[in-house]
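Here come two complexes built around chain A, the first alongside chain B, the second alongside chain C.
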Partner chain A sequence: MKSKQNREPLNWAKYFSPVFIILITLLFTSILIFATGDHPLTAYKFMIVGAFGNSAALISTINKAVPISLAGFAVALSSKAGIFNIGIEGQLIFGAIGSTIAGLFIVGLPAYIHLPVCLVTGMLFGALYALLPAALYVKKGVNLLVIHIMMNSIAGLLLTYVVMGPLMGDNKYVSATNIVQDTAKLPYLITTPNKMTIGVLISIFVACILWFYIHKTVSGYMLRACGDNSIAARFSGIKVKYYQTGALLASGALAGLAGSVEVLGTFQRLYDNFSPGYGFDGIPIAMLASGNPFGILMGAFLFGALRVGSINMQAKAGISSEIVSVIQGVLITLIASQYIIRFASSRIFNRRKKEAQE
Partner chain B sequence: MNNTIITMIISILRLAVPVIITSMGTMFSVRAGVMNLGADGMMISGAFCAVLGSYITGNPWIGILFGILGGMAIGAIHSLVCVEFGGVQNISGLGLNMLATGLTCFFCRSLYSSSISPAVAAIQYSRFLERIPGIGYILVQFSPIFYITILLFLICCFFVDKTVTGLRMNAVGFNPQMVETAGVNVWKLKHISVLICGSLAGLSGAYLSIGQLNTFMEGMTMGRGMLAVIAVQMGNQQPRRILLIALIFGFFDALQLQLQINNVGIAPELIQTIPYIAGIAALALSTTKAAAARKMQPYLKNKYKF
Partner chain C sequence: MDIAVQMSGITMKFPGITANDNVDFEVRRGEVHALVGENGAGKTTLMNILYGLYIPVAGQIKIGGKEQRFQSAIDAIRAGIGMVHQHFMLIPSLSIADNIVLGEEPRQGIVYRRDHAAEKINELCAEYDMKLDPKALVAQVSLGTQQRVEIMKALYRQAEIIILDEPTSVLTPQEIDELGAMLRKLKSMGKTIIIITHKLKEVIDFSDRVTVLRHGKIVSTVKTGETSADEVTNMMVGRSVQLGGHKTDITLGKAVLCVNNVSYHDGRIEKLKDISLTVYAGEILGIAGIDNSGQKELTEIIAGIRKLDQGEITLDGKSIKSVSVSDIKEKGVGFIPQDRQESGLALGMSVKENLMMGYQRKPLYRYKKIFLSKAGMTKEAQEKIENFDIRPDSPDVLARTLSGGNQQKVVVAREISNASRLIVADQPSRGIDIGAIELIHQKLVDARNSGMAVLLISLELDEVMLLSDRIAVIHDGRLMDILDAKEATREQIGLLMAGAKTKGGGGCEKQTK
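On to the complex of A and B.
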């Protein structure tokens, strides 16, 4: 009975803590906007109008959300196996490079073969990029964090090198490759009032598969066991290292898919610095949703709305769109301190309960 | 030829300074068991605050003080989240990076309505060393912060291995419970080490903005904080090894700059990847597992336990 009493408020707090976090972030941002002499509510109004005001805006929000959600799935999958994959950004970039190469140089295939080939190439490149850290982690116990940061830096430099060097397009004034072949472009779902590719379907599809895998399969159960308590999992005969390697590789593949979808869908060519940190966006979203794929979809939508809405806010209210970075930073820092928020809210809840009982 | 080598060495030392200072700071934090991915954020905050201080008062030394305080502010948030509230260190660090980058850009835009601050009073050269015969003309080319760095490095070397507090900090990283049993305030030690980390990173940010240049530019740290974190991990939290690795990073940075100026056929991006590849190789070949043994987890206070 006692344990039940202790657990109930905890669960409530678990559901409410994302709301608390978002509210505190809004408060902080409001103070900041207020300090620079603008009215926060006007700013938020412009932001909301810019992100959801009309169907064109809504579609660009969804487009932004697609790579972020895929990156979020990648983070979620590895964190279910107890691995914090910070290397998403690098894997995403490398995957994008891979799918661009496939999209540029494989010719003569019909679209229904070429496009999957490109996406799979992107995923393979992403997984390949995760292979070295995974191998070093499993075999040598190297600090994954450090090696992932280095891999991210290498990927960023490689991207610059590739678009300025071997894959440089015909237009020398833009640091980008040529446009990929028509058969490699993601087909559009809607073209008016704004273009939306089938990327969103891919994202939803991946969310469903991921949810099914994690919650409804034996392998997914074992993966979660590795993440929750690797020692217990090892003693119950689960090959922890096997699952952790697999999770890292799959996570890399998902990150590669995110990069591929962004390149083949949104830009249709590889730009230098095409990713404004999608990989890093995935981390807080996965944490906020505590690994639930559908929660990640919602979180990605929120982050996409922030990115799109801030542009409108900058244009209409004159508030620098850098405020998005601040909002995300506060959000992530608060997500990091989720434990204390849960603790505090459970305290408040317990006290209320006691008062009610008295 | 002789001249070229001297120029190169000067360039290496100048480029290595920010990484050295930040990695010394991060070393304290990592030794005490707090991973510091927020080094970049602390640096950029220090860089901006330094320019702000110099802009307001016109005195670069007050600017440096502001820079240290700016870095410390971010460090304080980090220690509040990670040490006091038992938060997730890596996520907090990443969040603070983003927050500090965003805040500095935001304030830079709203104060100066541009992404670059106006030129402020800076301390790029050490005029007081000009008189020294023979090598004075070399010494004068370094910012005074460079000499402060040398001093700081020596102090760090002494502090971490020879003083009680330094050794306790190290012990906290390995086994906080044991240290608490020995009657030491674990959290105070951790807070202090993260604050030291923040202030040193702030100093290195100040070096970037008013020691090397005289303005603040958005995103001017360019990942040097992460380089510092890597240097600490690769150097196994030993100050001398960290210094060596930071100098190697500086060497490749200088080489890359030289090649870019001389327009050699090799792409500068590929040169820049060399330190990372070397780092990965070093990590792969090293057999020590000391870093893995350190407990990079929060040590919760009893009052925050469920």
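On to the complex of A and C.
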């Protein structure tokens, strides 16, 4: 009984701290908008209208949320194993390249085979791109952060080369490949008032699988043990390196899937700079949700709304959409200091509880 | 009588706990005063307040009758207080003289007069009848000598009151005797000494009075001559204590673990040198030795976590030297590692999940082979929680929220209940309350009574002597001798711990010859 009483306020704090973080971020952004001479409420109004104002807007938001959520799952999976994968962006681009190649050059297959082949190719490319950092980390103990950041730059430049060179499309004025074959396109769920592909179903499906894997399987249990205390896991005979390599490769595969879904669904062709940094968006979201896949879905929806809504805000209210970068920056800073916030909010709840008892 | 230290109404709070609760503590000039209590009773906190490291929430400190408000340790040192911490604050690469004068060097202009420092230290040594070579490097002298250096550091700063935090924990029995003689000498010179310890037995001979702390409160202050170690232990815990478990007579079985001529080095340091020993079914083999003599490496090699350089290890006659950790577990070896938080538990996971860690292969924990069986996990966890009295009794709380003793019980429960042949326990009672120690002792003895082999490592000689059937003594990675626990004396073991004599070990081949 006693332990339950002690636990409750802590749990409250745990669920509240993401809300806390978002509120503080909004407050800070409001001050900034106010300082630039605009009214924050106007800005938020246009942002909300732009993101959720009508069903077309809502669909755009969901479309943006799909690749972000997949990137978030990728981050969550590796961080559950105790590895911080910051190379999602590179793996995502590589996955997109892979599925574009499969979508362009494999011919004669029916859609129900061709599409999965393209998606799997994308995942393989993503995993492959994570293989070199993983091998260097496990075998040589190379700093993953540094190598991942470099791999991200390489992937970005490689993408430019691919769409300007070997895979250049017939229209020489656009840095893009040709449109993939019809059998490789993600089918639409809705086409009016706005197009929405089955990407959203893929994302929800992956969330369920991921949650189930992490919490309900023996292998997921071992993965969490590696992430929580790799020394204790090693002392228990769990093959920590094996799990960490596996998690990094699977994380790369999920990032590759994010790239594939974006390319085969939204654009149906590979553009240069097609990703506005979805891979980086995944990081704060996964952390905000402490790796919970359903929390990531919500976070991705929020980030998608920010991206879509800010365009409307810029068009209608003339407030720079760069404010989204500020919001993300503040979020990341706050997440990095979330231990302080958790502590403070648990103190507040404890005090309230005490006052209530007295 | 002349009062050297008077602390009254001291209260100190940390988030969530009250470490000292309205404590009145008094030390007379020229006495050796032992401050005893269990881990977490608040004795170190109280002394840190006296030394100016913490500022109390409430209370008053008088030194020699004069009220003091220390803002930092510097104020306390000025008031004539010196403290020797449990973990020495010395710089190994500097000489003894340099360490002693550090911060208060004798100088001429900007030049450090090393010769003056050495002279001064020689004078002090002569005065207090201590043996120290000012030119020797700290890295090259024993822990006992390092402790003398720390005491000399306090004397050099003209301390009148010297606080020693757990001074016996790093010493062999002989060194403890030497420490006693040194403290008596300091006392005769009019110094006041406060010893913080949870092992009263070791200081009962040379302390005048004892103050017992429990849960941050003073229980009582008594004259050492009018009490006994057992009585004080009962005061510390608040009830009578039965350590060591109940051993039953059991005939020794065959050899379970054989360690033959094992050598190991970590980096450039030789950790184990040609170690041989055998543990039989139905016995507890205790390994005595001062800290860092290679015990940790030996246990981790047996558990398969480290791979040995030379030699052979067998379990039930079969080599396990290149067998994986999980296969060794499967052969019935339980391993209680030295540091539960570092290598025994995943603190962010639930008690239930920690209780199965390393044994997740077992069908009991699985549902259709790849899924976790929640029912199996919960049932098993509840059984262990009940058997080992783990509190709170919920399988779903995070391991992080448990107290040290209960965290240790989780590790012990997991390893003992899954082991069938051998238990390797590295300091199973380190830093936990007496209630938990009692239980863990009983469980280790139960395992022995049921015919398992137990290899016990402890830095506390009392624990080794209490539990073991045979005692192996290790010094600097070398096995000194193996003694029968019934016949061995503290002095004998102490000499071996200090490296007095060498003799081979007791590997399997040697014993069958």
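The working rule: the second predicted complex is superposed on the first by the 340 of 358 C-alpha atoms of A that agree within 3 Å, B and C clash if a C-alpha of one lies under 4 Å from a C-alpha of the other, contacts with A are read in each partner's own complex, and residues count from 1 in each chain.
Criterion: a contact is a pair of C-beta atoms (placed from the backbone, for glycine too) under 8 Å apart; a residue touches a chain by one contact, two chains touch by 3 or more.
What you see is a predicted model; the values in this text were computed from it and never measured.
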- Taking chain A as the common reference for superposition, should the pair chain B and chain C be classed as clashing or as fitting? fit
- Task: Using the touch definition from the top, say if A:Ile62 reaches chain B (first), chain C (second), both or neither.
- Result: neither
- Task: Go through the superposed model and pick first if A:Thr217 touches only chain B, second if only chain C, both, or neither.
- Result: second
- So, A:Leu157: does it touch chain B (first), chain C (second), both, or neither? first
- Query: In the superposed arrangement, does chain B or chain C reach more residues of chain A?
  - Reply: B
- First (chain B), second (chain C), both or neither touched by A:Ile88: neither
- Message: For A:Asn229, using the defined touch cut-off, is the partner it touches chain B, chain C, both, or neither? Pick first, second, both or neither.
- Response: second
- Item | chain B versus chain C as contact partner of A:Ala207, first or second or both or neither | neither
- Message: For A:Leu248, using the defined touch cut-off, is the partner it touches chain B, chain C, both, or neither? Pick first, second, both or neither.
- Response: neither
- Item | Minimum Cα separation, chain C to chain B, after superposition on A (Å) | 6
- Item | Common ground on chain A, meaning residues reached by chain C in one complex and by chain B in the other | 6
- Contacts from chain A onto chain B in the complex sit at residues 6, 10, 32, 36, 84, 86, 132, 136, 140-143, 145-147, 149-151, 153-154, 157-158, 160-161, 164-165, 280, 283-284, 287, 320, 322-340, 343, 346
- Task: Could you please specify the touching residues of chain A with respect to chain C in the complex?
- Result: 2-3, 6-7, 215-222, 224-225, 228-229, 231-238
- The answer for chain B against chain A in the complex is residues 35, 37, 77, 81-82, 85-92, 94-103, 105-106, 109-110, 223, 226, 229-230, 233-234, 267, 269-270, 272-273, 276-277, 279-280, 283-284, 289, 291-292, 304, 306
- Across the complex, what residues on chain C touch chain A? 303-305, 324-329, 335, 337, 342-349, 353, 357-358, 360, 365-366, 370-372, 392, 394, 397, 401
